[in-house]
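In what comes next, subunit A is part of two complexes: it sits with subunit B in the first one and with subunit C in the second one.
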Partner chain A sequence: MSFIKRDLPVVISFILGIIVITQYFWIDPTLTITSTTIQGWAVVIWAFMMSIGVINIFIRETRSIISKKAGQWYYSIIIVVFLSCMILTGIIGTTNNPIYLYLFNNFNIPINQAVASLLAFFTISAAFRAFKARSLEVLVLLFSACVVLLGNVPIGSTISWTIPWTRDWILNVPNLAYSRGINAGAALGILGLGIRTLLGYQRSAYGMGAEE
Partner chain B sequence: MPFATGRVFMFALLSLFSFFILMSLQLAKKTRVNVRPIPALDSLHECVGRAVELGRPVHWTTGYGSAMHGGGGLLSPALISGLAIFTHIARLCAQMGAELYATFCVAELMPPAMQAVREIYSVEGKEELFKSQNFIYFSPSQFAYATGVISFMETQQVATNILCGQLQDECILLAETGATIGAVQVGGGGQYAYLMITCQYLLIGEEFYTAAAYLSQDQAQLGSIRGQDFGKITVIFLFLGLSILLMLGIDLTGVFKI
Partner chain C sequence: MTEKSIFSKLDNIDRRILWLIFIAFCSIPVFYPLGLPITVTKPTLDLVNAIKALPDGSKIFFEDDYTPLGHQEVTPECIAIVRLLISKKMYIVFASFYTPEAALWPPYIFNVALSKEVEAANYKYGVNYAFLGFIPGGDTSVSAFCLKIRQVANVDYYGTPLDQLPIMNNFEKIQDFNFCVTSGSTGLAGMLSQMQAPYKMPMVILCMGNDYSNMVRYYQAGAIKGLTSGLRGAAEIEMALNTPGEGMSSMDIVQGGFLLLVTFIIIGNISYFVAKYRSKPLQEGNKR
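Let's look at the complex of A and B:
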C-alpha cells in the first residue's frame, strides 16, 4: 500500500493530536488558535459527512420505492417526502421557516417523545427476564433492584425508614465504588487506545481493516 | 509557555501513564506478553458461526454517541474501539460466509467502516460478498435511529447482534429487541446495566478499549495493555495512600488542583 494511503493519515493524526493535547496543558495564543482551527475543521468535516448519510438514506429508500419492496415501499415514500421537505424548508428559510418549525414541532418532537417513552417498557421487559432468581448473584441483583425501586417511591419510606437508607447506601457505597473502578480502568484503556492509534499501531479508525 | 492552571498534576499523571504504555510497547517486542482471556472477544467466532448455521445475518451497530452528541471527539474512543471489533467481525464473516449488516447513527463512521470492510473482503478474496447497501444510515436523531434499527432487526431476524460503540439510552431498545428475536448478543461501550441484563457477552470498562489489541494478538499492542496495568496499580496505590492520609488528617487532595 502506498505511503499516501497507508502512512499519511497516521502522520497527520499524530501531528494534529499532539497540537490539540499540548494546547490543553499549555497557555499559548498560537497553540490555542491552531487548536481551535483544527477543531473547526472537525465540525466542517462532520457536516460534510452528514451529506453522505443523507445520500445513503435517499438511495436506499428510492430503491425500495422503485422495486416496490413488500411491506416497505409506502414507508419509503413517507421518508423521502418528509426528508425532502425538511431539507428544502430548512435551506430556503433557515430553521426559522414556519413550515420547517411546524413539521419539527408537530411531527419530529412528538414521535421522538413517543419512542423515548418506550424505554420504560423495554427496561421492565428486560428486568423481568434478568431477575429470575436462578443463582446467588441474580438473587443479590434482585434484592438490590427491589430496595432501590422501593426506596424511590413514597411507599418505601412508609414501610420502613431502613428502605431509603439502604437504597442510599447501595447507590453511594458499592455502586459508586464499582463505577469509579470501572471508570479508572476505562480511562487508562482510552489512553492506551489513543497512543496506539496516534502511533499507527491500531489503524481501524483510518479505514484500514486488513492490518491484523 | 506557562502551564494552564489546575492541569499540572493531570499532565504529570498523563506523562507517567504514557511512559508506562510506551515502555511496555517497546519491551513487548523482546518478551512475550500473555493477556488473560476475554470471553466476550473469544466468543465472536462462535457468534458468527451460529449466524452461518442459522442462515441469518450478523448485525453490528454503534449507538447514538459521537462528537456532536457529547462523545468528546469526532470519532470518540468508544467508536474507534467499536470499529476495531467490527473489522474483526467482518473478517470472520468473510471467512465463514456470513451476511454482515452495519447500521449507523454516526454518519462520519460510515466511510472508514466501509473502506475497512471492503479491504478485508478483498484480502480474503471474497470481493463478491461485499455489499455497500448493507451499510445503513438511519438518522442522527437518537430515537429515529433506534426505531430504524429495531425495525431492521425484526425484519432481518438477525442471529448475532453486536452492540459495540458509544451506547446511550437507545441501547435497551436495541438489546431488548435482540433478546426478543433470539439473537446472541455481545455488548460494550457504556450503559453496562442495560447490557448486563440483555447480552450474553459483555465487555466491561477497559476490556472494550483493549479489544483491538487483544484481537490482533500483536505483541507490541498486547504490551500496551501491560502498560495500562502498571497505570492501574499506580492509581490503586494513589487511591489507597491518599485515603489513609486523609483518615490520619493529612489532606493532600489539593495536589490535584495544582
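Let's look at the complex of A and C:
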C-alpha cells in the first residue's frame, strides 16, 4: 500500500518526465510520438482538474448556503446561480448560445472591467495622499514612476523629448538588469524544483507532507 | 494658522473630491476630443514592419490569452493587427491555452468588430481563418500543440472536426506556420518558452500595459520581432497603419488620466513639504 501511495506516483512522474525532457534534447521519432502522447494526456488531466475545481466550488458554496454562513451565504447564492446558468447554457448550446453570450457580454465583461476600473480610483487617491517623498529612496521611486507614467503616453514626448528618453533608459537599463537577474534566479529555482520533484524529494507535489 | 490649515486641508483632502476631479478630467475628451499627438515607438514600428514584411498569404498562428479584465486594452490591439492581416490575405488560426474566456475574442473580432472588412475581403471561415478555441493545459498543451496540432485539438471552436476545415489541411505542427502573434497576459512566458525558443518561431507580442516592462527584455534580446502594449499600443499600430480605430479614439482619455495622476503626485508632495516646512518653526518655537 505504501508503495502505491508513496513510490508509484514518483516512479510514474520520473519516467514520464524523463521522456518529455529527453525529447527536447534528442530528436527521435519514437520518442517524439511518446512525448506528444504524454503531453496529450496532460491536456485531458487539465480538463478534469477544471471540472474538479467547479465541483469543489459548488460543494463549498452550497454548504455555505445550507449553514447560512454569516456574511457569506447570500454571495454564495449568486455564485451558485450564475455558475449554474453559465454551465447549463454552455452545455446546452455551446459557447455560441445567445443566452451564454448575453451573460458573458453583459455580466462577465462589465464586472471584470469594473473591478479593474476601481484600481484607477485607488491609484488616484494614493497618488495624492500616499506617494510622498519621505526619504531619498522614495524620491527616486517617485521620479521614476512619474517619468515612466508620462513616457508611457505620447504627451510625454510633447512636454519634453527627455521624458521618453529617460523612460526608455529606466526600462532598458535598471529594469532590464534587475528583471534578468530575478528571472535567471527563478529559472535556476524552477530547475532545482523540477529535479527534486522528479526524484521524489518534493513530496508536497504529490499531495504528501514533507515528513511522509 | 490660516495658511497652515490650507495646506493641511489639501494634504487631507477627501478622496471623493479627487475621484470627482478624475471622472470630470477623463470625461472631457469623451465629449470634446483633444487630438493630443500620438507618436509611434520603435518596438511597435518593428512589430508592424515585421508583419508587413511577410509575403501576402502567409500562415499566421494567433494566440490570444486574456480575460475580460484585459479586453479593453488588448482587443483594440488585436483588431488593429487582424485588420492588417486581412489586408494582406493571410491565413489565420486562433487558439488560446491559458484562459478559457479568451476563446470568445476571435469570434467577436471577426463577426462584430471587423465584420465589414471580413466581408469586403471575402474572407471565409474555415478557408481563410479558423478558431480552435480554448485548449486546456497551459504550457504542456502549447508544447503538445507545437509537436502535433491534432494531438490536442480535433475540433474547432464550433465543434467542427478540423479535417472538415480546408485551412487546417495545411497545418500539422507549428513549423507549418510562418509567423506567430501572441496577445494577452497570462500566456506570454509560456509561449516564449514552449513555442518561440524551441522552434525559433518568429513572434510578436501584444500585451497589457503592466506586462510591458517584463516583456521588453525579450524584445531587447531579439527573441521577439516587435512589442506593443495596452491602448497606447493599439493607437500606435493604428497610427502606423493610418487606420484610425478604438485605440486612437481612447488615447485622449488615457493621456488625460496619466497627466492628472502625475499632477496629483506633484501637488500632493508640494502640500506635504509646505505643511512640513511650516510646522517645523512652530514646533521649534513651542520647544523654546
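Please note the rule applied: the second predicted complex is superposed on the first by the 181 of 212 C-alpha atoms of A that agree within 3 Å, B and C clash if a C-alpha of one lies under 4 Å from a C-alpha of the other, contacts with A are read in each partner's own complex, and residues count from 1 in each chain.
Basically, a residue touches a chain if its C-beta (ideal position, glycine included) is under 8 Å from a C-beta of that chain, and two chains touch if they have at least 3 such contacts.
All values reported here derive from a predicted model rather than from experimental measurement.
Once chain A of one complex is fitted onto chain A of the other, the partner contacts of A:Ile77 are absent, as it touches neither subunit B nor subunit C. Once the two complexes are overlaid on the shared chain, A:Ser125 sits against subunit B and subunit C alike.
In the superposed pair of complexes, A:Ile15 makes contact with neither subunit B nor subunit C.
Look at A:Ile109: by the touch rule set out above, it reaches subunit C but stays clear of subunit B. When the shared chain is aligned, subunit B comes close enough to touch A:Gly192, but subunit C does not.
Of the two partner chains, neither subunit B nor subunit C is touched by A:Ile66. Once chain A of one complex is fitted onto chain A of the other, the partner contacts of A:Leu142 are limited to subunit C, with no touch recorded for subunit B.
By the touch criterion defined above, A:Asn56 reaches subunit B but does not reach subunit C.
In the overlay built on the shared chain, the residue A:Ala184 is in contact with subunit B alone; subunit C does not reach it.
Under the contact criterion defined above, the residues of subunit A that touch both subunit B in one complex and subunit C in the other are 24, 42, 46, 50, 108, 111-112, 115-116, 123, 125, 127, 129, 131, 183. Contact residues of subunit A toward subunit B in the complex are 24-28, 31, 42, 45-46, 49-50, 52-53, 56-57, 60, 63, 108, 111-112, 115-116, 118-119, 122-123, 125-127, 129-131, 181-186, 188-197, 199, 201-202, 204-212.
In the complex of the two chains, the subunit A residues touching subunit C come out as 24, 32, 35-37, 39-40, 42-43, 46-47, 50, 94-96, 101, 104, 108-109, 111-113, 115-116, 120-121, 123-125, 127-129, 131-133, 142, 145-146, 149-150, 152-155, 157-158, 164, 171-172, 175-176, 179-180, 183.
Of all the residues in subunit B, the ones that touch subunit A in their complex are 1-4, 7, 10-11, 14, 17-18, 21-22, 25, 67-68, 74-75, 77, 80-81, 83-84, 86-88, 90-91, 104, 107-108, 110-117, 119-120, 122-123, 133, 135-144, 146-147, 169, 172-173, 175-177, 179-180, 192, 194, 196-198, 204-210, 212-213, 215-218, 220-221, 224-225, 227-228, 231-232, 235.
Partner subunit A is touched in their complex by these residues of subunit C: 11-13, 15, 18-19, 22, 36-39, 41, 67-69, 71-72, 100-101, 103-104, 107, 133, 135-138, 140-141, 143-144, 147-148, 151-152, 157-159, 198, 209, 212-214, 216-217, 220, 232, 235, 251, 254-255, 257-262, 264-269, 272-273.
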